[in-house]
Structure formats: structure tokens, C-alpha cells
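Okay, so chain A shows up in both of these, paired with chain B first and chain C after.
Right after this comes the complex of A and B.
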């Protein structure tokens, strides 16, 4: 393998590795705009220029491969390539490149939404010149709407073509292209063919400047006010890693977080905008169906009502439960345990959830059609019971304990029959939905972004779901509600102080999850034992 | 321990107290013929020097649009965290595409350091010479966007206290 000398670092890299990749690996910062690890190399921004010994001109680090020299020609008798990233020639070149990139840039940072996470700002501060020598009028182009909730501000664009390459390589739709030549270059869509694909929102994420923006987020806040919580999307069973950007107890946007094992660098628009649906109809207190509408209860009374109703309607043996494939493993696990203690019968099933066709994109990005984001986890926790419940749930009286599927539950004829036959329906839900409409008692639990715990995607990747928001009103985490119910009904449940305690229990109870501990999961998650 | 080196010992004449009394009365007598330093507030008001940092204002463009683009530089720079801003896409076609829908300053929390006007990239926020704003409740001392714009409108045409002392009728915002 060639030996590369990169500033003071010496590293052996496979032949053909690009200098920029090697630099990123050892933590040397080479500024770059057009390079993106998931996309092909363009070499158009010229920001990553470095000095390579033996080459007369500066080279772009993103596109220059590391070469291998024959033994007698090695530099200093050892190195195949010697690269300098901090010499005067390089810093001077960076200054000039930045000045070029900023020639027509409006410098409207106070108005621009990218300010605070803008690579132009960062690199200008670090490597740039404080003044521009450009005295002519700046080019002014009107902004345009590209479709799929994406708008472009052409003045700010530096033509790195990340968005163009994204739409060609990742989605394969290729709506965006560079129109005109030279000074009149601009990112555009073809007439009558707007940006229209389920991954369109990603172009705003990968835009290194404030040119591509989401209409959903535009001018709503400043990025430095946002708290960035690394979490997991549970909208489908692909389980992409996301970062939840929230402030003032409100989610402003969701951006993708790199995770090679879960769809790489990107997320789909469904997951990106899903948080809006959970802001409506939030349940904040236990509700009991009254003669007219609903009556609010205290938690104590709600628990006692559940116990009373179980006694009244067939006792513990007649309790049946529906677990949710959208809740974290912890809740499903505790529900499974509770139901096991209540009777020996098969009394847990999964609530049916909408299912669509899988969508797979050329670069391998997959949107799962299974909208129960944690189905695999739920099945692991309570056993394989997803194949419908008609066979073992007879139409008989008894209390039905249901975990809502965050509004994605499908009210099938079977489910309807089950609800109608059950004498008392308890629903654990975070928002009003088609399931809570059929309930007798609604227990408010933490919403999708207020939950903590582990989720398992369809590939068997267990990730930690971190809570990004405070719970609303009196809502409690689902695992806590189930643990408290368990203590009240059977008196056998362990004492749990946090979701991590339940995770610990899962690690010990289920062999496949023995390695999926809170600390081993980290930010990227952990594959189940025996998979991958 | 402090060491006493010398203490005041009244001399013979001092023990009569008359000379000190007369000395004081002569100072008073002398003051009668000098310029008066007392200001008859609120009929006339003290004019603070240039650069005084008092009540905030928000400025407008010539066409009446607010200059502020809600970049929140002031709120970020504010050491007392007394500024809260909510931004939104602007309703007008021409000009800045962003504007504040809510701009509130908690005047009781503000320490009048002037960082906000230094931080402002659009010259939208200033501290004015107005110092006499007071009220009975905390709520009424949270000034909103309209109030700040009104302060801006009043203070654009010269120092309000000079105008007040000249006899112009200046309606101060917040002042009772």
C-alpha cells in the first residue's frame, strides 16, 4: 500500500484513495464544498486545493488519487506521495477561491437561513479575506420554486452541483441540471418537470450554502437556537438515523444523520415532515368516555378504573392486548411481560398498520412500505404474533389493552370486530387517532419524539431513540404506564426508574438483544446478535 | 489592627461652632447668585449626553417597512437575554424577504449595555436617550414591536427632551 505523507501525518492508504478521504480519516481539515462522501466527485468548487510534491500546480484533494511509486523513485526513499495542506501557496489559493465564490454572493447572512451552519461563513472566517475587491454590480437572479417544498435562491448558489448529482445518482430522477453556460450558469429544473421525488428534501440538507431551502423551515428560526438531538425515524421500518432540531419545546425541522447501516446519509420526505402530524390533537390527560364526550381523570383513578373493569369483565384471564409496531421495544417488552403474568393464554397481538409497496432507489436507498417502524422489535419482544389475531382472539367479552400506532393503524374488519366484542377498551396513545375514537379509556403517553428506548429496523439494527421534546401535559412514557399497571394488577413488576432500566432487562431476557445495551448502541446502533 | 496616628481635636475657637456655621451660610449665600442646577422635573427634563443608552427603538425604511430582518443577532448578543424574536417570510414583494412577527424586549431585564445595536447588521435597533419610562406592572414593561417602532418614530426628529424643554408636546411611549 502506498505511504502517504500528509502534512505531519504518515499513513498507508489503499492505492487510488483520494487525498481528501485520507485527510478526513486522520482529521486534517481540507475545506471543501462540492465533495460529498455519498456522491460522485465533481471537483468544481476548487476549494480543496492542496500542494502535492512533484506536481507543478495545486491539485484538488477530492479528485487526486494517491499514487504508488516504484521503490527506486520513492520520495525521501519512503513516501509515494507528499501532500501539504498548510503552505503559503495553499492558503493563498484558498483565499482567492473564496473571493471568487463570493463574487456574486449577496452576503445576506442576516436574512439567510443557512447562517450559522454555512460552509461559506465558516471557511471565509477561517481561510478567507475580510474584504472583497469586486466593485462591480453583483449578479442578481430571482429565486425560484423547484417543487416538493424546495425553493432555490440563485444568488447564493456557488454551483457545487451537489444537488444535481444527488438527483442523478441517489434518486435517479435527475430533475435538476445546470442551465446556461459560464457567467449565466444556474441550477434549474426542466420546464413543467418540477423536483418531484420522495427524497427531494435532502437537497436542502446537502447544499453547503443557503441556496436550496425548505419552504417548511424557511425564515422560522436561527439554527444556533436549535438543540440537535440524535434520534431515529420510526415512520417506516427502514429506521433512518435523524437529527431532531428543536427549540422552545417545538420541532423546527428534522435532518438526516449519517449511518451506513441505515440508509446512509439521507432520509425521505415522509420522515422529514412527519413531526407536523404529531403536533396536532396531542393528548395531555387520561380521558374516560362519558355520556357526552370525554371526562378527564387523574392517573391514579385511570389505573384503578382499568383494574376495576378487568375485575368486572371476565377477570385477568380475559384481558387481551394489541402491541404497537411504532413504539420502542421497551413498551412492547413490558406489555408482553404484563400479559404473560395475567394469563397463560395467547393474549397479545400486533395492531395492524398500513402497508405500502417498498420504494428502492438506484443508489440503494430504501423506503420501506411497512409503516410500523419498529415491527421487528415488537415481534422480538412479544413473539411472532403479527400474522393476524383472528385465529386466537375469539369474539368474547373482556378488557382490551391497545397501544396506538401513532395514527398509522389500519382499522380492518378484524380489528373492528375485536373492538366491538371487547367490553372495555383501554388505549395508550399520544395523539387523537382512529383508534382513540373507539376507546373507552385513553391513557396519554409520550409522542414519537418524546420517547426513549430502543428500536429495531428491518435489517436488525437496534438504535437508541432519544427524546427530543418534553412530554406534553400529564402524558407519561408508555413503559412507565405499563410498569405501573403491571404493579397494580399483578404486583410482580420490577421497579424501573428509566427506559434504560427496561433496556437492561431486555438485554438479559432476550438473547438476540444481549449486545444491544444502552452504552454499546451509541449513535450508530448495533446489529442484533446473529444478523448482519 | 488599625493604628491611630492623629485624631481631630477641636481647637479653642472651634468649640464655639460659630465660625463653621458662618462659613456654611456664606456658601449658601454665594449660591443664590449662581446658575441653578436643579431641574424642575417633570416640567423640564434633563437632557442626557450624546450616546446615552436608554429605551430601545426600531427603525423603518423610508417607505415605512421595518428595517429589522429578524436575524436575531441582537437576541444572540444580548447578555441579559431580554430580546425575543419570532421571524416569518415577509409579506412584501420588494426588499428583505424576512421580517419579525414578534419582537419583544423585557425592559426590566435589559441592562442597557448597547450590545444589540452594535450587533445589528441592518441598523434596525438603537438605544435612544429616553430614560423616564416606568410603570406599575412587569407586563407593561415588556415592549413589543409596535411600541418599539413608535419610539423610533418619536425619536427620529431630534432629542425628545430638548424638544420637551422647548415646549413642544412630545408624547412619550410608556410614560404615565
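Right after this comes the complex of A and C.
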């Protein structure tokens, strides 16, 4: 393998590796705009110019491959390539490139949403010049709406074409193109046909400047007010890694988090905008169905009501439960344990959730059609599920314990039958839904971004779901509600003080999950033992 | 208005595809082929052609809008292209433009209402030694003056 000298670093990289990739690997910053690890190389921004010994002119690090020299020609007798990233020539070039990129840039950072996470700002600060010599009028173009909730501010655009390449290579839809040439260059859509694909929101993520913006995020907050919580999307079984950006107990946006084992670099728009739906109809206190509408109760009373109803309707053996394919493993595990302790009938099934066809894109990105984001985890946790709930909904009476599926449950004829045949229906849910509408008692639990615990995607990747928001009102984590019910119904003291305790228990109870410990999961997750 | 190549052009288009490893590589000659047939490139033409070349209409538009030789608006039967670059400019290209503009009552970039002439200002035509130059469709007319141009234009069918 060629030996590369990169400033003070020596490293061996496979022949043909691009200098920029090698630099990223050892943590040397070479500023760049048009380069994106998931996209093809454009080499158009000229920001990554570096000095390569033996080459008369500066080279773009993103597109220059590392070469291999025959032994007698090695530089200093050892190196195949010697690259400098901090010489006077390089720093001068960076300054000039930045000056060019900023010629027509409005410098409207005070009102720009990208400010604070803008590569133009960062690089200008680090490598640029405080003054521009451009005294002519700047080019001004009107902003445009591109479709799918994406708007473009053409004045800020530096024409790196990341968005164009994204739509050609990743989604394969190719709606965007660079119109005209030279001074009149601009990103446009063909014949007014809008940007229309389920991954469109990603163009705002990959835009290195404030040109492409999400309509629902514009002027809503400043980046530096946001807390960035690494978490997991549970909208489908692909289990994409996400970052939840929140402030003042409100989510402002969700962006993709790089994870090669899960989603790569991108997320779909369903996951990106899902948080809007969870802001509506939030349940904040235990609710009991009354003659007219609902009556709020305390948690103590709610728990006692459950116990009373179980005694009244067939006892513990007659309790039936529906686990949710959208809740973390911890709550499914505790529900399975509770049901096992109540009776040996194992009356647990999964609540039915919408299934659509999978959507796969040319570059391999997949949106799973299974909208039960943690189905695999739920199945693993409960072990042997009842083959369907047909087997137990003919019972005369009994209490039904249901975990909602975050509004994605499908009310099938079977499910309806089960609800009708049950004497008392307890639903654990975070938001009002088609399932809470059929309940007798609603227990408010933490919503999708208020949960902690592990989730397993369809590839067997276990990831840690991190708390991004405070729970609303009196809502409690689902695992806690189940642990408390367990204590009340079986009389045994609860072992768990936090979701991590349940994870610990899962690591010991289920062999495939023995390596999926809180510590080992980290930010990228851990494949189940025996998969991958 | 749908677009289709005439039988002869279709043959030439198919021959073009065989010359390149990728279909998309034939974009430029294919666009010329279509434009020669239709006069200019309509949205429908671009969409059909993009499909034939296995690319999106936007990618094809990328190419079309980059090249000044392609037209997406109707143009006249005769495309009067007056060179604007230095030599021609010094040799009186501006007067030629003014003359043509006055003669046909159009501004640069416009087409006469009868659809016969389109006046265009273009950059260097590469015939600086014989400035000023006017290109009418595919033919160069060099060292033109107002009178010479009038005679040339009058002879056009």
C-alpha cells in the first residue's frame, strides 16, 4: 500500500484513495463544500486545494488519488506522495476561493437559518479574509419554492451541486439541475415540475450553506439555541439514526445522523416531519371513560382501577395484552414478563400496524413498508407471541391491556372483535389515537421522543433511543407504568429504577441481546448476536 | 404537441447511440438532430428525448441551458447572429445590430412577427481577421457592411 505523508502524519492507504478521504481518516481538516461522502466527486468548489510535492499546481484533495511510486522513485526514499495542507500557497488559495464564493453572497447571516452551522461562516472565520474587494453590485435573484417543503434562496447558493447530485444519484428522481451558465448559473427545477420524492428534505441537510431550507424550520429558531439529541427514528422498521434538535421543550427539526449500519447519511421525509403529529393530542393525565367524555384521575387511582377491574372480570388469568411494535424493547419486555406472571396462557399479541410496500432507491436507501418501527424488538422481547389474537378474543370476559402504536395501529375486524369482547380496556398511549378512542382507561405514557430504551431494526441493529424532550404533564415512561402494575398485581418489589436497568435485565434474559448493553450500543448501535 | 423523429432522423439517432458507451453521451448530437427537425426545443421534445437517452428531463435541460446553440423558444427561419467580440465590435458590429434591428423592427433576441428573422448578439465567432462577421443559420458572412448585408438578405429565399 502506498505510504502517504500528510503534513506531519504518515499513513498507509489503499492506492486510489482520495487525499481528502485520507485526511478525514486521520482528522486533518481540509475545508470542502462540494465533496460529500455519499455523493460522486464534483471538484467544483475548489475549496479543498492542497499542495502535492512534485505537482506544479495546487490539486483538489477530493479528486486527487493517492499514487504509488516504484521503489527507486520514492520521495525521501519512503513516501509515495507528500501532501501539504497548511503551506502559504494553500492558505492563500483558500482565501481567494472564499473571496470568489462570497462575491455574490448576501452575507445576511443575521437572518439566515444556516448561521451557526454554516460552512461558509466557519471557513471564512478560519481561512478567509474579513474584507472583500468586490465593489460592484451583487447579483440578486428571487427565492423560489422547489416543492416537498424545500425552498431555495438563490443568493446564498455557492453552486456546489450537492443537491443536484443527491437527486440524481441517491433518489434517482433528478428533479434539480444547474440552469444556464457562468454568471447566470442557478439551481432550478425543469419546467416548474416540483421537487417530489420522499427523501427531498435531505437536500436541506446536505446544503453546506443557507441556500436550501426547510419551510417548516425557516425563521423558527437559531441553531445555537437547540440541543442536539442523538436518537433513533421509529416510524418504520429501518430504524434510521437521527438527531433531534429541540429547545424550550419543543422539537424544531429532525436531521439525519450518519450511521453506516443503519441509514447511511440520509433519512426520509416521513421520519423528518413525524414530530409535528406528536405535538397534537398529547395525553397528560390518566383518563377514565365517564358518562360524558373523560374524567381525569390520579395515577394511584388509575392503578387501583386496573387491579379492581382485573378482579372483577375473570381475574389475572383472563388478562389479555397487545404489545406495540413501536415502543422500545424495555416496555415490551416488561409487558411480556407481567403477562407471564399473571398466567401461563401467554395471552400476548402485537397490535396490528400498517404495512405498505418497501421503497428502495437507486443508491440502496430503503424506506421500510413496515410502519411498526420496533417490530423485531417486540417479537424478540415477548418471545412466543400468540399466533394472532383470534386465539384469545373469544373469551367470555377479561381485561385488555393495550400498548398503542403511536397512531399507526390498524383497526382490523379482529382487533375490533377483541376490543368488543373485552370487559375493560386499558390503553397506554402518548397521544390521542384510534385506539385510545376505544379505551375505558387511558394511561399517558412518554411519546416517541420522550422515551429511553433500546430499539431493534429489521436488520437486527439495536440502537439506544435517547430522551430528547421532557414528558408532558403527568405522563410516565411506559416501562415504569408496567413495572408499577407488575408490583401492584404480583406484589413483588420492582427491580427497576430506570430504563437502563431493564436493558440490563434484557441483556441477561435474552441471549441474542447479551452484547446489546447500554455501554456497547454507543451512538451507532450494536448488531444482535448471531446476525450480520 | 408530441415529438417524434422522422424515419430518417430516427435512423441517424439510433446510429448515434451506438457510438457511445452510454446513451446519455449522445445528448449533444441528439439535441442538434431534434432542433434541426423542430426548429427549437419544446418541453415535450426535451421530455421525449430525455426518455430516449435514459436521463431525466432536468439533466437534459442542464445541458441545453448551458449551450447557447440550443433554443427553447421559437426562432425565425433565419437566425441572424452578429458577433459582438472585440474585433467585430471595433469594426462596427454595433452598427450592424442597429441596422438589422431597425430594418426588421426587432430588438436583439427577438423574432419578427412573421417568424422569418431572429436577431441575436453572439460572442466570438472565431473569424476576427474578417470582422465584422454575421452568421446566418450555418453560413458565415464576413467583412459585412450595411449594403452588403442588405444584398445578402434580399437574396435569401
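Keep in mind that, in the parts below, the second predicted complex is superposed on the first by the 522 of 532 C-alpha atoms of A that agree within 3 Å, B and C clash if a C-alpha of one lies under 4 Å from a C-alpha of the other, contacts with A are read in each partner's own complex, and residues count from 1 in each chain.
Assume contacts are C-beta pairs under 8 Å (C-beta built on N, C-alpha and C of every residue); 3 or more make two chains touch, one makes a residue touch a chain.
None of the values given here were measured: they were computed from a predicted structure.
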Contacts of A:221 with chain B and chain C, given as first, second, both or neither: first
Touching partner for A:294 - first (chain B), second (chain C), both, neither: neither
Touched partner set for A:111, first chain B, second chain C, both or neither: first
First (chain B), second (chain C), both or neither touched by A:191: second
Comparison of chain B and chain C by chain A residues contacted: C
Touched partner set for A:176, first chain B, second chain C, both or neither: second
Chain A-facing residues of chain C, complex: 43, 46, 55-59, 61-62, 65-66
Residues of chain A that touch chain B when the two form their complex: 109-111, 115, 218-222, 224-225
Chain A residues within the chain C interface of the complex: 164, 168, 173-181, 189-191, 193
Residue numbers on chain B that touch chain A, as the complex places them: 69-73, 76, 87-89, 96-98, 121-122
